[in-house]
Each structure stands twice: as structure tokens, then as C-alpha cells.
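Labels A, B, C and D are assigned to the chains in the order they are written; within every chain, residues are numbered from 1.
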Amino acid sequence: MDLILVNLIDGLVTGLLLFMLSAGLTLIFSMMGVLNFAHASFYMLGAYFAYQISLALGFWMGLLIAPLIVGVMGAGVERYGLRRVHQYGHVPELIFTFGLALLIEELVQFIWGKNQMAYSVPDVLNFTAFAISGNSIPAYKIFMIFISIAIFIGLLYVLTKTRVGMIIQAALSYPRTVEALGHNVPLIFMGVFGVGTALAGVAGVIAGPVLGTFPGMAFVLGSIVFVTIVIGGLGSLWGALVASLLIGWITTFAKSYNIAMSDILNGIGIVTPTDLEDNIFRDLWTVTSPQIADILPYILMVLILIFRPYGLFGKRAA
Amino acid sequence: MTPALELKGLRKSFGKAEIIRGIDLSIGKAERHAVIGPNGAGKSTLFNLITARFPPTEGTVKLHGQDLTGMQPFQINRLGLSRSFQITNIFPKMTVFENVRCALLWSQGYKYSFWHMVNRKRDLTEGAEAILEQINLTERRNLPAGVLSYAEQRALEIGITIAGGADVVMLDEPTAGMSNSETDYITDLILKVTEGKTLIMVEHDMGVVFGLADRISVLVYGEIIATGKPEDVRADPRVQEAYLGAALEAEH
Amino acid sequence: MKKLTKMGAVSALSLIVGASAAFAENIKIAFIDPLSGPFASTGTNGLHQFEFAVEYMINDKGGVLDGQTMEVVGFDNKTSPKESLIQLQVAIDQGIRYIVQGNSSGVAHALTEAIDKHNRRNPDSRVLFLNYAAVDPALTNENCNFWHFRFDANADIKMDALTDVIAENQDIKDVYIIGQDYSFGKAVSAAANSMLKEKRPDIEVVGDELHPIGKVKDFTPYARKVVQSGADAVITGNWGADMLGLGKSIIENGFEGPIYTYYAAGSGMTAAFGESGKDRIRLIAQGAINPIGSEEARDLYNAFLKKYPEGNIDQSRIFNTIGMLSKAIEQAGTADDVVAVASQLEGMEYDSMWGGTLYMRPQDHQLIQDMHIAVHTNDDIEFDYDQSGFGVKNESTIEMASKDIATSCEMQRPDPS
Amino acid sequence: MSQIEQAKNEPKGARPKEQITTDPSDAAQRMRAGSMIIPVTPWVIAAVLLVLMPFIFTDNSAITIMNQMSITIIFALAYNMLLGQGGMLSFGHAVYAGVGGFFCMHVMNWSDFFAGLPLPLLPLFGGLAGMSLALVVGSFSTRSAGTVFAMISLGIGELIAACSVIIVAFFGGEEGVSGNRTYAQPFFGVEFLQQIDVYYLIAFWLILSALLMYLFSRTPVGRMANAVRDNPERAEFLGYSARWVRYYSFVASGFFAGIAGGLFAINYEILTEENLNTASSGVILLVTFLGGVGFFFGPIIGAIAFTLLQTVLSLQTELWAFYAGVLFVATVMFFPGGLAGLLMMHVPVFRLGKARLLIIPYLKTLLPAAIGLLGLAGLVELVFHYRHAATGDNEMTVFWTTFDSHNILPWVVLIAIAGIGLGIAKKTAPSLLEAWNEATTPDGGTR
């Protein structure tokens, strides 16, 4: 029972982290139609910038400044890169972000080298907040939860209560109309892209110390962010939240409990073959849930796309 | 004799708004039928219902007596119903010739063949050239369709629509946005290429309507308020009131 | 136009490939390991150690065979078996007869098989494969061949040594085994299970699991299970980011016992563990760094640090590889006849500057050497890693570990010609 | 009528500019829609070239690289059947090649059967395996194009790649599956011991598959693939189910990808997880786009360029991936038609017989630009070396010149080269543009 609670907390941390990435991505996608493959790269840049700043000014200044730099870079990418490619259509746009992701990874290696960075949790937060039957919950995780929730509330406020938010919301559903109403849509695009990448930057800043700051960190996270927004429904902020938490919990629980395929198959009445070693399906029989935990989201996504192409909360087909 | 196209109790709602409110209509073989009505009456929606671009909320569409419910657009097309679109809908990146040839492929029986070479098939080449001749685009055959003038694109659209040899042809505002001379040109073209076919068209230009149609239906707010010969419809007081009067005045 | 491009591209190709093939009077060693991509840091560090070993141990001391120098040529295989095979071909074409590789047993399998085929198909340009780090036992068992020599201890030998140490520690009652889901992770798990059962039947394996390799973002759930299981010790064969993530997570979430690892040092990992891993992380490795094996090794390490102040010698076997190769070449009197050199390597005994004597077992080409269990600490560290003040300190040594471990290798030797 | 008259008077060849430069799907009009013959000359030239190549480059490593190129070409052409011809963006196409290759490896290891099979037939099994997988996956993934298709392909790609370490029986885990091609039945006495034998086998399959893929694009279903790509709705109202048209393209593409996988199996005699993973799928997307999706031969150029970058440039610099990334992003931004698009821009110029006009301006602008870019690359190398090389290891070699990276001179020289080169290029660019406009305008038009 206690373990379930612990897993719920762990899954929440993972899910909220994912949400900070997917929120920006889903906004960008639904406004501009761009599946930004470089989104996780901005997450990585956030971590590296924060590391560099934390060397000089400490962790908190990193948390403050790094996302801003990332956001400005994101806006720059939109203004000088994407906008140019936009005229050629969506596929070149997507391929542009794909190339950008490669380039950013190379750039990071060029500047910081290929090793892990010693970017670590600030001392103030480096203690155990509380323990549930021997499982300690680090204070830093609680801090991550608070930051993510604060960002979610802030985002929700901006989107629903402010004028800018109204325009963005309208542009989500009716991009052409908004333009016709005389709003500077390119500027909104640039802003949304900047804010979206800045959010990814925040995620990088706070995830860097626990998940590691290394050149492969974007690749590890890369496609799972897409999976999240597709499952949640493209363009839906709530969908992104629900899907993020869902993925966070599914993967956490799948890793925490050793459910073997043979148990499931036996459960539905299929008997384990006696000569398992020679059986051609032996690998299937011995699969356990932790082995496949991280590919479960992909299975979920494919199923959702087949049976509900607009995702859990989406209004438009993907 | 079974009518070429028969609509029974056709309804369509988008959310709460009912756009088509129960239409019964029967169009005979080789008849030229025009659907007219004010803007927002649901003319294009009606077209889209017939060709299964949208599924109807209620009611049936029958083509030569065959119920089309649940069919996909391509299946309906194979039964011999072909349509054009209000907004030009061609393959802009292909050549004019290829546009027409693509339209010929299914009806010539090539289906999903991957063992025939299209440019080695005399029937395809000659068929496409004959159509190009009919729509006066032979000169432009090797240009990408997207660079044609608007009138040429409309002509090409009609060419694509009739190329497959469908016996029921539906044209959605074929002369929309054209100058007078272009309108005349397209009208002649329609007359020429729909010879002996059932034609159903939505049109705003009353000159075109009265020049082409054997019968006219007047659609107002999702209902047909009158159907009949042009002169009968013109005389119908309800039509006069709802629509025609104003339109006819504007003509002069 | 197509033709022109093709011509241009290919003439460029021949120019570049050909340019480097022109001169070949010194003895060249092809280093085929990742120099770009996610595992580049390990590869680059290895290349530096090889280059330094050749300069310091051979060329600065007058070379081998009447003054021939040695040269290490780096080939980037991007950790890809396919690229490795292409680079192997390029290396062979450049007249290189000695291939060294270590990262990823998958690549090693591809290389050893390709080299075996190449040597049989092209007796005129045979090459030797000096494997300095790929530890899959199969390479010196069922997949062994005459051209492959392993200078690292294989996974079973390491586990043998590791379980010897665990067996002596009566505080350990419950052990948790966790590893990456692939051949090496599985081999570690299988060896740990069988050897613990044999040496300490009372030890219970309270957890034994595999996780996807290189895909796990957050190790917390795994760490929870380790803590929950009440294990006294953890054994893992993880490497790279998976090692760091797992180790940090296990410690962070409240595990107090020792973590026995294969690859938890160097390449930024020691610095990243820092204080948190102190006295917790243990490493099974050959070659003693703290305290260092000999004065000679101390001089070498200091010279290395002078050249690469940010570098680590975390693979001292690289120096053994070069030392043994040059000795074999001297004894064979030729560097061109690789069969002669290989015959000298077989059964060679060599005194390593890192301590102990090395013995290249002729029946499977597995090097038998002392194994050390070292602990991650900052006390009594003369040579730290990653300039972090932390390093690995020897706790126990198993001499000539697994000298008699069984092998299924049936060595096919080429006919003497 | 007036517009039509007017249009008729327009000179030929004066197509809007973006048609030439930026339209990636320009293929249709290049294909010479109306002509009754399939041009034979390029195929003959290509075949002759392929036969002669090994006599020019006799090195085994050159042959290995050419083998790799040929395999990539087939794979990229197969990929372009989806992306270029059918408008379907796949992020997981490597699995079809991979599964084809793995299947071939198993055939190779099935010694009784393999001993009776001539090796040149083996790729066919790969093709069938790739096709079978495509038959299954395509049945649900081709329902729509666009994002849904792309995301399903990504998901399936990840799933199968993940399976490769789980389902060891078929994929052999992380060490993969290996075999020996020489156990096949000798083919007219050839046992395929040497790379050169394999080269001709691959070259044969290259010509055959490229030809078949080209011919596929000329068939009714191939033409309709273009139509569905451009306007799926219109295609449906012409009697074609967009889904089925996509499905056919998808399955055909899976077949040829499987052939590429089979050739990979023959060439390398090993298949591993890397043949399936998303990185390989990403690479083939890059290759195809770099070459140009709008032209049948685009992927061929892309495959050649990328293989050279990957295997030859990476021998010269560890920053090769950085340069590849820059090249790629620059291509997407400035030449979305890819390298092929860049070449084909010149067709109208040649047709007008004005290519001469461009030679001098090209020399004046592109030469300094190239020198400037090389200077820039040298600077990048210098910075990298300065930052990452070991202390004391100050010597470095750029462009066959060795110098001290901590000395000021090389910095000055390289900055000067880059600055002057790019400066001249910038200065002469307007005159190049002028010449270009002149060369693309037919004589009648200006006077």
C-alpha cells in the first residue's frame, strides 16, 4: 500500500516533467502545425545553460536565466529559420526541426564536450523530505512538483484570463480567422514558440540534476514527448496534462511491479509450454513489465491512433 | 423507369443547426437539372450529401435505384456519378494532360494496376487527348495545372469530372467568379460535354441556369420550395417572393 | 548531370581514401571505436590512452624492431557494427594489420566474425583483433577464433572475483541484481546467480531484473524496488548514462549498502557521483590505480596527466595491450606476419606495471590477470578521476583470477605456411 | 476567351520561378507525361558506370563504400516512394529494411535450404519479408496520410526496435544475427568470397530495383499515388480509394526496402539492432530529403552525398556530424528541392542554350564562397581543437597543413580566408543573380 503511494508520487514527478515539455509542444503544434522535433533539444539546452550559469551564479539564477535564454533562442529559431521554411509546407518544416535537433546536439558536444556534466541538486534541497516505510522522498522532487504545478496554473491563467491568452486560444481553433481579425499572427507564432521552448528550458533546468545532463538527454526524451501530445490530443492543454500523468504513472507502475507475460498468459488460460527453452516464443513468455515499461506509451499511442485518431481530448484529427 | 438520382427525406444537421431539412427529389435520365437558391440555402451541402462527402443525418440517396447509404465517395464514383467542386479542385502539380489521364484510369479498367505503363497505353493517351480537345486545353497539355488561368482551371475541372464517362455529372457552380465571356465559354462547354448525360448543377448565374436546365429546383433554407420547368419555376409566386424576384431584378 | 555528380563525388572518395594509404613504414594500429555520438567520450578517452601508450612506452624508447615506430589511427565506428565493418575495410586497405576495439560487445562480435572471414578469404592481408574491453564471455568461448585476443577480464571472470569478495562478507545476506536488457546484462545476471549459489548458498537473490538499455529516463521505480526488497548489496553491469542514473537514484532513494559495479568510474561518472557515492560504489577492475601498482606506472600516469590534465587512466589494460603487442612483435621479429605475432602472444607471460603477471591463455586467448575490487572515495587517492578529488581505491585483490575457468573454445589455428 | 488567348502567347519555359526552385513535388512535369517511350539513355549510362566503377577504384575499401552507397540508394528510393511519390512521411521505415535483412540472415543460416540457393536470389526473400510486414502495418497505418501516418510509423518503429533486444530468437539481441554468404550455392562458379563479387551482385540489384521503382511510378497506381499525395479528395471522386492507393505504395516501398535489407545482409553478413532503430529511420529521411524528394533521382544523389559524408568525412574530422547537420539545415532552408532540385534548376538554362552565361559568374561567386566556407570550417576545427584537445597537444592538421593551434597566425590566416572569400562572394552575388535572370529568360522575352 505504501509502495503504491510512493509510486504515485514518483509517477507524478515524471508526468509533470513530461507535461512541461508537452504543454509547449502542443501549443506550438496546434497554432503553427509544426511538429517540433527539436523541442527536447531546447530542454537539453536549458539544462546545459543552467549548469553553466550555476557554476558562476548558483542554481537559482540558473533557474531564472536559463529558460529566458532558451526562450529567446527559440523565438530566434522561429523568426529566422522556421518562418523561412514555412512557405515550403509542413513536411520541410518538420524536417527542418529534425535537422535542428541534430545540429543542437552537435553544438552542445562542440561546446561542452561529450561527458556527463556535474550539474547537481542545490544543497538547500539536497535532503530527504520524508520517508514512507523506508522509501525516502527527496525534497528536490517535491520542489519539482511545485514548480511544475505553478507553471501549469500560470499557463492556465494566461490562456484563459488574459487577452493574449484569448487570442492564442482562438488561434488554436481558428488560425485563419484570427489573422483576418488583424492580429499579428507571425508575432504570436514567435511568442508562442519562444514561450513553448522556454517551458522546455525550465524542464531541462530542473530535470538536469536528477536525470543527468549529457548530450544524449534530448534523444532519450525526444519522441516520447510527441507520443504524449498525440495521446492527449493535439492542441489540448488538458489532454497534454492527462496524457503526461498517464504516461508517468503507467511507466512507473510497470517498472515497480514485476508482472511477467507468463503470468498474464497463464491467467487467461494458456499453459506455459514445458520445453520453454526450445520454444520459438520463449522470449515472449519471459517478457516482464519493467522490460517493456518504456515502450508501453508507444503501444498506447498506436492503439489510440487506430481507434481514436484525435486523441483523448483532441477536437481535430491529428 | 428508375430515375437517375432519387433523394428521399434527406436531412443533415451540424450540431443543432439543421441545414438540410428533408429533401425529396427525383431527377430523370439525361435530364439537365439546376439547383438554385440564395446564399446559405444549403446547395453545396446537398451536393456533398449526395456524393458522400458528408454522411446524411437521415434519409437516402439512390443512384439508378441503388441505395448509396454508407458508401465512400470512390464507390459512388464507380457507380457512375461524378462531380466538380465549387473551389477548384484539381491536381495542381501535375500536368494538364496527367490530370485528365488520372481521371480516365479507373473507368478504363486499370484500377490499382502496377503492371501497365500508363504512357504505353494508347487508349489512355488518346482518351485524354480527346477530352483535352473538347475542353480546348490541348495547347496547355504539358503545363502544370496550377499555372493555368482561372477559367482554364475551371474548364479542366469539368474535363476531369466528365472524363471518367460518368452518366450522372454534378457541377458545383461551374461559372463562379468568371467574366461574361468566360461564362459563355464554359456554358457552351458544359452543353457540349454533357450531351446525353444526366446533369445536376448548382449555379448562381441565372443566364446559365435558364440557358442550360431542363428543370430547376429552388432550395431555400434547406427545403425545396419548387421544382419544375424553368418557365414554371419563374412563374411560381413563392419563388418570386423568396428569391427569384430579387435575383431577376439584379440581372437587368 | 547525375553522371557528373557521381564522378566528382567518387573521385573525391578515392583521393581521400588513397591519400592516407600512401605511407606505411611504421607499425599502425587501427583504433575502431566511437569518436562521435553518445558513447564518444569513452571512445575518445580510450584513443588518448592508446596514443599516449604508444608514444610513451614505444616510440620515446626507440620503437620496436630496430627503431620502427608505432602509430594509432583512430577510426570512428559510431558504435555501429555496420560502420565498424566499413572502417575495418578502410583500415585493412591502409595496410593496417592490428585492430583494437573495446566498446560494445555487439561491435566486437561483428568485428571478430568479419576478421575471421577476412583472414580466411584473404590470407595475404590478415589482421589481428586486440580486444581491450569487450567482455562478453562468448568471444573467448563459443565464438572464439585465432585472431582475437582479449586483454580485459571477461564478464564471468569479473563476476567470479566479485562473488569471491561478496562471499567473504558475512554481512551480506540479500543481494539485488539489476542490469541492462541485452546479452551482457543477462550474462552478468546469470553468472551472479550461479556463482553466488555455489559460493554462499545462504545468500538470497531478492531481486533480479533487466531494464531497457539506454531508454530509461528515470530510475526511481527501480530504485524503489531495490530499497523495498531489503537487499544488503546491489550488483549491476550497467554502463554509461544507465550506470549513473541507476546509481544516483538508488543512493538518493535511501539504499545504504554497497553497489558492486563493472563500469562506474571515469568519463565524468566519478565526478557526477562525487560525495554521494563515497564508500558505496565498488568497482571490479584490473589494474591498481590507488595505491598504484609500481613506480613505473606512477611516472607514466604523471606523464599522462602532464599531457592530458583532464584525462583519466581508467583502462590500464590499454598499456598492457601495447606492451604485450610490442613484446610479441620483438619476439616474432616481424610485424607483418600476424600469425607469427599471434603465436608469440599465445601463452605469453608479461609483468604488468599495474601489478601482477599477465598470462595469455593459449586455449581461448583470454588474458588471465589480477582482479581488484576498488571503492569510490576521496580518501588516500593519489590519482583521482575527472579532476574531482574522487577516485577508486583498492580494497581487495584476487590474484590470477579464474586462472582455470573452463572455456568451450575450440581454437582453430591456421596451417603453418 | 481572352485569357486563354493571352496565355497561349506566353513563351514556353517561362514558368514561375518557384516552380523551378522550391516545389519539391515537381516530379510530374519532369516525367514527360505525354511521351510514349521511357528514356533509356540514363539507365544505360548508369549501368555502364556501375560496371566500370571498380576498374577506377580498385581499393577494397572504396568498393565497400560503393556497396554501402548502392544499398542506401535502393533504400532511399524505396523511402521516396512514400515521401516523394505518395506524400507519406515515415519515421520508422528502417524496420522494413531491417526485418527484410534479418529474414535473409535466417535464410542464410538455414544451411540445408541456403546451400541450394544461389546468393543473388537472396534479396528477394528480404523483399518479401519487408513486404509482408508492410502488408500488416499498412492495413491500419495508411488510412490517413499526414500526422497520423507519421506518428503510427514512429510508434511501430520504436516498438519493433525495442523488440529487437527482447525477442532474441529472431533479432539475436544486441549482438544481432550473423551468417556466411559463401555457404550459398555457387552462382556460375562465383562464391562471393571477395568484395568485388558482392559489388556486382549489389549493382545488379541496384539497377533492377531502381528500374522497377521507376516503372512503378509510371503505372496507374503509381500515377494515382501522386494524385493522392496532391489531392486525396479529388482522387476519391475519380473512383480511387486514397487509402488503397497509399496502401499499394506502402507495400511496394516495404518490398524494396526489404531488398535493400537483404543486400545489407549479403554485404555485411550481420544484422543488428541498428538496422531497425529510429536513428536509421531518421538517417534515411535525411538522405532522401538532402537529395530532393521531388525527383526520381534525388535520393540517389542524397545517398551518395551522405555516404561520403558519413564514411569519408568522418575519417577526416570528428565534427562530421556537425557539418552534416549544417548542410542539412541549410538545404531545408535554402534549397527545399534538395540537391536534385538545385541541379534541375539548370535544365531551363541548358534548354535555352545559355549555360555559357553562367560559367564566369559562377566562378566569380561560388569559388570564393567555397573557399570562404572552407576557411570557416577550418576556424571551427581550430576552435574545437583549442577547446577540447589535450593540453600540450597543440599541433593540429587542417587541410593537410599542420600548425600550432595556440599560435595566433593560423587564426589570422583562417579568419582572413573566410572573410575575404565570403566577402568576395557577397560582392559578386548580385551579378550572379543578374546573370541567372538573364540565363533563365528566353531571348524573345527581353527584347
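By definition in this document, a contact is a pair of C-beta atoms (placed from the backbone, for glycine too) under 8 Å apart; a residue touches a chain by one contact, two chains touch by 3 or more.
Fair warning: this is a prediction, and the values are worked out from it, not measured in the lab.
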Original post:
Starting at subunit A, how many touch steps does it take at minimum to reach subunit B?
Top reply: 2
Original post:
Any idea which chain sits dead centre by C-alpha averages?
Top reply: D
**OP:** Just give me the whole-number Å value for how far the CA centre of subunit A lies from that of subunit C.
**Re:** 35
**OP:** Please report how many Å separate the Cα centroid of subunit B from that of subunit D, as a whole number.
**Re:** 43
**OP:** Report the inter-chain centroid distance for subunit B and subunit C in whole angstrom, where each centroid is the mean of the CA atoms.
**Re:** 74
Original post:
What residues in subunit D touch two or more of the other chains?
Top reply: 162, 166, 321
Original post:
Which positions in subunit A touch two or more other chains at once?
Top reply: 109, 113, 291-292, 294-295
Subject >> Complete list of chain pairs which touch one another >> reply: A-C, A-D, B-D, C-D
Subject >> Footprint of subunit C on subunit A - complex, ascending >> reply: 3, 6-7, 10, 13-14, 109, 113-118, 120, 128, 131, 134-136, 138, 210-212, 214-216, 219-221, 224, 251-253, 255-256, 258, 288, 290-295
Original post:
In the complex of these two chains, what residues of subunit C are touching subunit A?
Top reply: 38, 40-41, 44, 181, 209-212, 214-218, 220-222, 224-225, 227-228, 241, 244-245, 248, 252-254, 267-269, 271-272, 274, 386, 388
Subject >> subunit D-touching residues of subunit A, taken from the complex the two chains share >> reply: 35, 81, 84-85, 87-89, 91-92, 94-96, 98-100, 102-103, 106-107, 109-111, 113, 223, 226-227, 230, 234, 280-284, 287, 291-292, 294-295, 298-299, 301-302, 305-306, 309, 317-318
Subject >> Contact footprint of subunit D on subunit C as seen in their complex >> reply: 1-3, 5-6, 9-10, 12-14, 16-18, 20-21, 35-37, 40, 44, 48, 75-76, 78, 80-83, 85-87, 89-90, 92-94, 104-106, 109-110, 113-114, 117, 121, 136, 181-184, 212-213, 215, 306-311
Subject >> subunit D residues touching subunit A - in the complex, by the definition given at the top >> reply: 22, 24, 83, 89, 91, 140, 144, 146-148, 150-152, 154-156, 158-159, 162, 166-169, 278, 282, 285-286, 289, 319, 321-322, 324-326, 328-329, 332-333, 336, 384, 387-388
